[in-house]
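In the two complexes that follow, subunit A is the common piece, with subunit B as its partner first and subunit C second.
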Partner chain A sequence: MKAILVRLLLAIPVLWGVVTITFLMLRVTPGGPFDREKVLPPEIKRNVEAQYHLDKPLWAQYGLYVKGLLEGDLGPSYKYVGRDVSRIIADTFPISATLGFLAFAFSLSVGIATGIVSGLRAGKWEDHLISGLASVGFSVPSFVLAAFLVYILSHWLHLLPPALIGSWKHFIMPTLVLAAGPTAYIARLTRANVIDTAVKDYIRSARARGVAEWRVLLQYVIRNAVTPVVSYSGLVLAFLITGSFIVEHIFAVPGMGRFFVTAVTNRDYPLIMGVTCVLAVVIILGNLVVDITLALLDPRLRERT
Partner chain B sequence: MHGARLRLRFALCFGLVLLAACSGREPDTRREVRLALAGEPPTLDPGLATDNVSHSVLINLFEGLTEFDADLRPIPAAAESWEVLDGGRVYLFHLKPGLRWSDGRPLSAVDFEYAWKRLLDPITASEYAYFLFDVENAAEYNRGEIKSPSAVGVRALSDLDLEVRLVRPTAYFPSLTTFVVTFPVRRDVIEDHGKLWTEPENMITNGPYVLETWDHEYRVVLGLNPNYAGRRPFVERVTFYMVEVEATALSLYETNDLEMVKLPPEAISAYRDSEEFVRYPFLRGTYYGFNVKKAPFNDVRVRRAFALAIDKSKLPEILQGGELPANSWVPKGMLAYNPGVGLAFDPARARALLAAAGYPEGRGFPEVTAVFNTTPENLLVAQYLQSQWKKNLGIEIGLDNMEWKFYLSRLSTDPPPIFRLGWGADFPDPDNFMSLFAGWSGVNQTGWSNAGYDEIIRRAAQETATVTRIELYDRAQRILCEEEVPIIPLYTSTVNMLVKRYLRGFVPNAMDIRYMKGLYYRHTRAGLPPLFRWAGLPNPGEAVR
Partner chain C sequence: MRRLPVLSLAFLAVMAGIAVLADLIAPYGYDAQDMGAILQGPSSSHWFGTDAVGRDLMSRLFYGGRVSLLVGVLSSVSATLLGTFYGGLSGLMGRRADQFMMRFVDIFYSLPDMLICILLLVFMGRNIFGVFTALTLVNSVTVSRVIRGEVLKLRHELYVDAARATGLSLMRILTHHVLPNTWPTLVVTLTFRIPASIITESYLSFLGLGLAPPHASWGVLANEGWTSLRFHPHLILFPSLFLCLTVYSFNRLGDWLHRA
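On to the complex of A and B.
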């Protein structure tokens, strides 16, 4: 319990660092939020910049931002006039998170299950099939996979809608595309660990003691084989639930992931800061959850902390 | 035998009708149109919107004093008529009597006066405030030099009469009043709800539609405005989905989830022969500009040589969108368009000019780089120009591309020797294109200015006789595109769309303003569900107008 508290306290300077570095990097990047093809007359640009305090010196802008942040105010978006960044995140984050959790659940269950099968049947056709699919899932870029799935499932078989949200059917393809990479990676990780663990001395001795085969698999092999998967999954979970630019873009899903790119191209400073903060918080929390899970799985870790 | 078959058909029909009734969904009588928007509208506040996405929604929610017909002539909308007084310096608009807001309150000239003064108020910080700088004291009020809005030259004389006093006669003023920024807004609504006034539960509009739903980042749904005094639109629901990827929008069109879609360039060849394919010119010009302040392009002979050395007839083939190659700057579809102006492809003359400038066969020409913002189309054009200059002038130029905002900041701080830019019309008058390169323009990145040109542009804007205006713009275009050549006009864009065959009444215009109120459905027999066709059923979606 005390360890968790310490970790949460340590997160504060980390977040502060993220905020400061992002803030400075944005101001160093050339091009401002109100640079347009139709260049604004100077007096109008002055009015607009005054509205967002961009006419103040940099340190004052930074001070205002941090002050707002401490009060829970992420500021107004420059691009989406009249909408607060907190509002935008509140609207879009739940959708990204839903999709992310679905993809995460899929990657974990399918990845671990196929990894175990593949590991136990190493060298057999099941293993070749799964490993082959995993290589494909891992190496095919998501926009290619998306286009392929849309062609087969929407245009050819008329099974699923090609984009948008609105029913459970709409979530299937984005989930699959989002999950492809992590699933493949988890499958390979699990397979390697299953093969590794299966020849360990304690497994042999368990068998020698006459422990039932399913117990050997469940309690010894699999439990040990999934530990590295758990440490990997923290970061994956964080990135999955904060949304993916490509998947949300291609499937027209109104999530938060697209802002990691569009807010930058628009130089929408507060929105970039906002989504970056959310990502940072989620990563910190994800890692914390992973450490707690690992401690539950492995008694040795529990004693150390 | 025959009778039995008829009975079977009848039974089937009856079943079908029952089924349709039970399911609660009307078969094909849905009066809804679904389209894709290129993204979330940054705002639905007419005074703050600056982009096409917001405008394409707003144009259906509000109605200004005037609107465009298919040929982009301003015709009466909320205004019934207008008088031009004092030699073109004063416009007196008369509103149609009986117009109402969506909540039933009568529309008044006061609403226009409020909207315009709000647009100009520096506190509003509207980026498009300068659209009304032709109005007396508007610029001064916006700059903060005049504090009192009552000095601004717009005034409601009565509920139905709006007087506008201009700084100088302005020939295109009724075109300006078609533009979103001049639309009326409600003072009480804005004061009650602040920046949340554009949310569906608060928003009051005066156009054919009202804002029914706005699921941010996902869709905007418009419903009929019950108090709209104009002809009741056939389409009762307009749904705009925000689909940023054009290929995704095309997929949705293919699966019948959208009725209209803009075609991505790479898909045009596949659909060109389809009956659903629609192509029309768009008032957007693309040009390459020179930095005339620095060598080697401070020499007009070099600029002319570069312009003469491009065979633009290949551009449509390269870009695939049916773009119209151009030597002159005023685009096709606009007053004063004159394809006879400008420097046409002439490699021999180009080489002679280059030699006269001291670079025979391109020898001794300094290293220069053409810069453009990164898009696939821009790259294709840049590579083509590079090859043309190499082939026809013997000059090898470098290419460099940059991310958009990066590029814009480079243009304003340190313009490259040659650069790509475009311009889309805000209102369809040559002034909007030609004043871009006037000495007072903030958008002219070439560093070129010419007192004679400026004088002609100024005169043309004030001139009321169309024939004289055309002559003046011809003269100005000759200075811009033949004599001084600070820019090389390349092409005018087109819009390539697919529109479902059952959707009728779509009248495209070169501003690509899509009024939804004129659309209606007409099902062809081929468009009927197969069972309906087989059973010989009447078409439930047949539109009567």
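On to the complex of A and C.
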């Protein structure tokens, strides 16, 4: 419990660092958000800049931003006039989170299951099949997989809708594409762990004691092989966030990743900042949850943390 | 020890040849338009077909390969250099300095590479130099963690203590005494960074945040192909094929080096 509190406190300077670095980088960047459209008359431009506090010195802008942040206000969007960044994120985050959760569940269950099969049958045809698929899944960029699936399932067989979000059918392809990389990654890790664990002394002594074979596998091999995989969930989370940028762009999913990419194209700085902050929080909390889960699964780690 | 991945090496050699010789072997220029031949499928005059403004896809793939490979290889090499020195020094210096330097790296490590790349590109602009710098920084984070781990294993070896005792500078200890013993790890790390960089570059370009047309990388081509997937799938098929085979070959090579 105390360890969790300490971790949360340690997260504050990290978050502050992310906010400050991103803020400075975006403000120092030449080219304001209102430069690109038609040239505005000077007085209107001045008014617009005053509206968004862009006329104030840098430190004052920074102060205002941090103050807003503490109050949960991420400022107005430059592009979507009248919509707050907080509003946009509140609208889009649940969609991305749903997609991310589905992909996470898929990659964890399928990845671990196939990894176990492949590890227990190492060198046999099942292993060759799964390892082969995993290394393909690892090398194929998500837009290639997406193009393949959309062409066959949507354009050719007309089974699934090619884009947007509506019924559950809309979620199938985005989830598969998003989960492909992490699934391959987890399957590889699990396979290696199972092979390592299977030759440990305690497995041999369990067999020697006459423990039933299914019990040896379930309670000794699999349990010890799968626990370390959980510790990679933090990396999987990072995979999923990267993937969400691509997948939401491809399938026109109105989630946070897609808005982030559009915000970058539009130079909508408050929206870029807002999404970056939210993602940083998600990652920090995600890693904390991973550590707690690990401590619950593995008694050896409980004392150390 | 497993067999040398001959096919992967051969494929990479062909790709390297194409990238170097693109000017000589590409049948058309990378931005040469032929309005009379728009969105054609593969034919004898355009082996891989043409795109929406009549540019020859094979030529664009060759020139695009040059960009993708160059960015991937160069940024990986410079990231390996940068990361090796940062991670190496961090591991050799005392506890305090190490903690401080690694705290900094951990912040970047916990954020997704793509997020950092995109933010850096906003900062530096969409050009080949921006993409190169962003990829270098992001990759060097990974490299420095790996190398630091290696150095921490070696730092209490007798020969390192001996080098310290003779009063050599940290830099010299690193380059002459520690790094020679880590170079297998270095080579493997470098080999795996290259496909990772190529993929990240293709993602950035696919999102329209990397290189801008008419310049081509495989990611830019895939992006152009994606929009006409339904009726002209060849436009995304060929860039994807080149990209996947290259990345797969690099990964095979890395796996082999890792085991050897």
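Definition applied: the second predicted complex is superposed on the first by the 296 of 305 C-alpha atoms of A that agree within 3 Å, B and C clash if a C-alpha of one lies under 4 Å from a C-alpha of the other, contacts with A are read in each partner's own complex, and residues count from 1 in each chain.
The working rule: a contact is a pair of C-beta atoms (placed from the backbone, for glycine too) under 8 Å apart; a residue touches a chain by one contact, two chains touch by 3 or more.
On a predicted model such as this, the values are computed, not experimentally measured, just so you know.
In the superposition on chain A, A:Pro41 contacts subunit B only, with no contact to subunit C. When the two complexes are overlaid on their common chain A, residue A:Val150 makes contact with subunit B and with subunit C alike. Of the two partner chains, subunit B is the only one touched by A:Pro161; subunit C is not. After overlaying the two complexes on the shared chain, residue contacts for A:Ala238 are found with subunit C alone; subunit B is out of touch. When the shared chain is aligned, subunit C comes close enough to touch A:Thr22, but subunit B does not.
Applying the stated contact rule after C-alpha superposition, one finds that A:Ser139 touches subunit C and leaves subunit B untouched. By the document's definition of touching, neither partner reaches A:Ile12: not subunit B, not subunit C.
Look at A:Leu279: by the touch rule set out above, it reaches subunit C but stays clear of subunit B.
In the superposition on chain A, A:Thr265 makes contact with both subunit B and subunit C. With the contact threshold set out at the top, residues 29, 147, 150, 155, 249-250, 265, 267 of subunit A are in contact with subunit B in one structure and with subunit C in the other. Residues 107, 110-115, 118-123, 195, 199, 202-203, 206-209, 222, 225-226, 229-230, 233, 236-237, 240, 243-244, 247-248, 251-252 of subunit C are the ones touching subunit A in the complex.
Per the touch definition, subunit B reaches subunit A in the complex via residues 39-40, 42-43, 45, 48, 50, 122, 125-127, 129-130, 139, 142-143, 195-196, 198, 215-218, 241-245, 247-248, 251-252, 254-255, 257, 403-410, 412, 421-423, 426, 442-443.
Across the complex, subunit A meets subunit C through its residues 14, 17-18, 22, 25-26, 28-29, 135-136, 138-144, 147, 150-151, 155, 234, 238-239, 241-242, 245-246, 249-250, 260-261, 264-265, 267, 272, 276, 279-280, 283-284, 287.
Remark: subunit A residues 29-32, 34-44, 47-48, 50-51, 79-83, 88, 91-92, 147, 150, 154-155, 158, 161-165, 249-252, 254-255, 258, 262, 265-267 touch subunit B in the complex.
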